[in-house]
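In what comes next, chain A is part of two complexes: it sits with chain B in the first one and with chain C in the second one.
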Partner chain A sequence: MTATAANEIRPRRAGPAALLRRYAGLFRVQLAMSALTAMQYRADFVVKGLIAILWMGVTLVPVLVVFGVRKSVAGWSFPESLVVVAWFTLLRAVLEGAVSPSLTAVVEHVRHGTLDFVLLKPADAQFLVSTAKIEPWHLVDVVGALALFAYAFGKIGRWPSLLNLGTGVAFLGLAIIILYSIWILVVSASFWVIKVDNLSYLFGSLFDAARWPITVFRGALRVVFTFVFPIALLTTYPAMALLGRLDLKTALAALGGGLAFAAIARRVWRRALALYTSASS
Partner chain B sequence: MSENAMIDVRTLSKTYRVHKRAPGLGAALRSVLRRKYEVVKAVEELSFQIADGERVGFLGPNGAGKTTTLKVLAGLLHPTSGSVRVGSYVPHERDPRFLQLITLVMGQKQQLLWDLPPSETYAMNRAIYDIPRAQADETVRTLVELLEIGDLVNKPTRQLSLGERMKCELVAALLHRPRVLFLDEPTIGLDVSMQAKMRDFIRDYNERFGAAVLLTSHYMDDVVALCPRVVVIDHGRLIYDGDLRELARRVRPDKRMTLRLSRPVDRADLEKLGTVVSADAAQAVLSVPHARLSTVVQGALSALPIVDLTIEEAPLEEVMRELFGAREKEARQVSRAHG
Partner chain C sequence: MSLDAVPARPGFTSELGRVAKAFPTLLRVGVSEVVAYRAEFLVWILTTNMPLVMLAIWHAVAADGPVGHFDQRAFTTYYLGVLAVRLLTSNWVVWQLSMEIRDGTLSAKLLRPIHPIYALAADHLSAVPMRALVISPAVAILAYVGWDRLLRHDGALALVFVASLVGAWLLIFFTMILMGALAFFVESALGIFELWLGVHAILSGYLVPLEALPHWAGAAANVLPFRFMLGFPVEALVGLLSRHDALWALAAQWGYVAFFGAAAVGVWRVGVRHFSAYGG
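Then we have the complex of A and B:
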């Protein structure tokens, strides 16, 4: 190693393509780290996989109970409701497998002051913290959700068209963005109030509501779950898309709303960071 | 020097706003409605410059504002007032090129991934800093060799001892070959031999890469061994900036003279020479004013049964204690005068 080589400033490869490549590379490395960490705890892997299956069963219980006594609820038949539950399971897998572990780690970072190390790195801090930790055993949930979809559509006897499927997948992406944004808001809150446990508990409880079609809720709750904590966007609309019951206008509005939500979350995150470095005081 | 200084701090002040809350539920509720803030002045009107390749000790008692200053320099905190420049960058803008230029090591915190071997953290930092693989491999090899950590980098971090972890931590912090090192108590909690190794390493890195080093440590041995120059602060204000030995001379003009004796001598005879710090049958330690040193040495050699005689500066620990002790006393007197 030569002394002059110390920190020659590397020319930044400009352009969005190069940037995308760089962050794709970073994402790959982060994934590899998560996989390696999971491998360190192989016994955990099995246990947590089993627990995931158990939870899936538990998720089904309320729906089975309700439809044990009624043929339809708020205009949704039993198999149609199963589609919503399948969405819920799929989303929960993404949330608990890929979103919350990283963001819970941020809260720990703030608490222990190790967020400093993230901020010292020449890469986007939000990206770094958001991709830091993934729990691969939640793949079990994904498989379960797919099985549930298959069963539900088998019962309905009509498979989604390619268009419906496409809309459904688009909504999956949207739902993930929204969930992620909500989590970013929760994490940002941790910069103000370090004790975020209650907030994440609240988040968990609200998310639980997403197992029901939005039409089940009335009045104020319906408004809250559509606009404030948009579980309608998370499971009901995607399920409607798959079932071919969603019109284009609602779909586009939902898409726009979701993206706006993500932009707001990013802004709040930046404000929170500024507070952390006390730029605002 | 200030024009081409690597680090340039000018009248830097940093205050923290601390949310003040009285104990009790009622007070807690009231404070939600009307937040009361208390201002803590951590750093006040601090100025200093550090040249490229220089090693500077940053000293001061607990709570003096050292960590705060280092965080401002590393871009983690915004200055409340004044200006800071490192290289050609304003730290808090966190330009990626600035972040490539510096590193901050905090002895009390670690960035190594707990469940994985340090080598995995290195792989991650390599990606984050966008370092070509060959260069990163070579840096790791060199640093691992300098620190004598060999296979440790392939053991999970949680299985390493504190000292081993700190060494591995250093490699992670230096992988991108920073030109400016901010080291905040890098040897805290390490045993004496490990401390010595770390010191050698830091000097080696500094000489090899011409990196500027700003170091805080509670162990004055670190400072004596590494830093010809010190910046001393207290209550956020600069109280000394210059040569370390000059500081010792100024605060403690007395030299420390150790006499080894072939037979016991009268204490009264010792007291004629200077202040007796300690004395037993075989050895006496005297404190002697600098100006009288040669007279005293001559007198001692002619009057006492001396086997060996050594003269040293007062230990830096004592210098520091005296420096800050005196200031405490001064402050108390001032406050009494005002009260």
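Then we have the complex of A and C:
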């Protein structure tokens, strides 16, 4: 069956408030399902929590080693870089906890042809697939990120102002939107070339570079990491916002660019979905 | 299923003979698979980009003077070496094996007249030539930039390097078989492997040269197996090791190969008896 057919089965259009309420309810149900699933495997839960802590350490080691030999690198001091690492840890938690698991499941659906069952449900397919699976143990990463923020700003000795904090939060929203959009683009690719599960690994490995401030990269790498795979937007600019080093013009341009990116991703997803013809059934 | 389905147990030598006869075919199959899924193959190679990122960072750090006895040039050769050795020796047996154990596809492979470990080895060995081809530009740059220190222009050290590459491949292969075979017993075998990977990233020299680590961590790295999977061949290649040190490291590496080889086969034997296939 085709996606357009599925869209027509949707119930009569309701007002935006009712729609919002309906989706909030759906979101709650999806969240509860994920939590229940995760709690079924308690031993796994502990192992995964340990892994999260270990990887936080692994993330820090190169930073510690680098700043063990230099006071500042490419204009960033040690505590300032820790702010970037904290952003990275926070975003990784969001990515691996909330974005990747669901969207990896879509790739599986497309390959097995079981996406039909999702498309048949009377709700927006992108919403359904994006909230299907959440891995709660990544909360460990969130706690770690907050601890890093606290340590870094304690070391700097100056806490971010309310305005800086506000910009930071806005950038967090933007970063999540961008991460999600890139992921949606990757998943959309799975409608054309079925075997993209390793594209997600490529995505993850590139995202790893986001633990460093963008200024350490020179030449072509800097351009790629600013515009093509915008890790600068993901961690460096938010960190600069918190540190009060970001001017308003850059901030607004970044926000605009991020939103445009999300809009494009949504369009591509719609196009890709229209192409979907079930694999098996 | 149990091993009873296998025809009367042949002697070890006749088994080796059979493997030797089947191996060229297995390798050919592997190579054509790589060629068939070349896009996927390239994406996998691109996921190993961390050495290049670390190279960029150390370049920025060493811009105003060398770090220890690493200047910018030494960092370039080191990380290109890491990239090359990593791509030549790494494989993904652990994911393959734990998946096949969990979804039961292993049972079909157990029925074949060749032991699955040999088949896995052939599968992953056949990717090596293509990988070598893809990374040859990086190796050429390495040789050009680091020519004056490359293998210390010592034929013996070159032989040690080749032996260390083989050793690293075997060591990684056996540890992965061992961890993958844990899926016979526990559900979170991949979780255990991920913990292992985390320690590996730091103590193998993958993220930072072992010399740059604090003294105690460097000392730990010298006795643990991780360095022998990556750091040791790279150090030999870029001329960081004397002939004497390299020979000692080689002995330790092959000791680990023997140990993990025996452990992997042992765990496999016990596990396969445990195994009751699900699907198949």
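Here is the rule we go by: the second predicted complex is superposed on the first by the 263 of 281 C-alpha atoms of A that agree within 3 Å, B and C clash if a C-alpha of one lies under 4 Å from a C-alpha of the other, contacts with A are read in each partner's own complex, and residues count from 1 in each chain.
Basically, a contact is a pair of C-beta atoms (placed from the backbone, for glycine too) under 8 Å apart; a residue touches a chain by one contact, two chains touch by 3 or more.
This is a predicted model, so every value here is computed, not measured.
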Touched partner set for A:V29, first chain B, second chain C, both or neither: first
Which of chain B and chain C A:L20 touches, first, second, both or neither: neither
Partner chain in contact with A:V73 - chain B first, chain C second, else both or neither: second
Which of chain B and chain C A:V169 touches, first, second, both or neither: neither
Touched partner set for A:T114, first chain B, second chain C, both or neither: first
Partner chain in contact with A:L221 - chain B first, chain C second, else both or neither: second
Contacts of A:L50 with chain B and chain C, given as first, second, both or neither: second
Footprint overlap on chain A, comparing chain B with chain C: 41
Complex contact set, residues of chain B against chain A: 15-17, 71, 74-78, 80, 92, 94, 96-97, 99-104, 106, 109-111, 113, 115-116, 120, 123-125, 127-130, 135, 138-139, 142, 156, 176-179, 208-211
Interface residues, chain A side, partner chain B - complex: 1, 3, 5-7, 9-10, 12, 22, 25-26, 29-30, 33, 36-37, 40-41, 112-114, 116-117, 119-123, 128, 277-279, 281
Chain C to chain A touching residues, read off their complex: 37, 39-40, 43-44, 46-50, 53-54, 56-61, 67-68, 187-188, 191-192, 194-195, 198-199, 201-202, 207-208, 212-214
Complex contact set, residues of chain A against chain C: 41, 43-44, 47-48, 50-51, 54-55, 57-58, 61-62, 65-66, 68-70, 73-74, 193, 195, 198-199, 201-202, 204-206, 208-209, 212, 216-218, 221
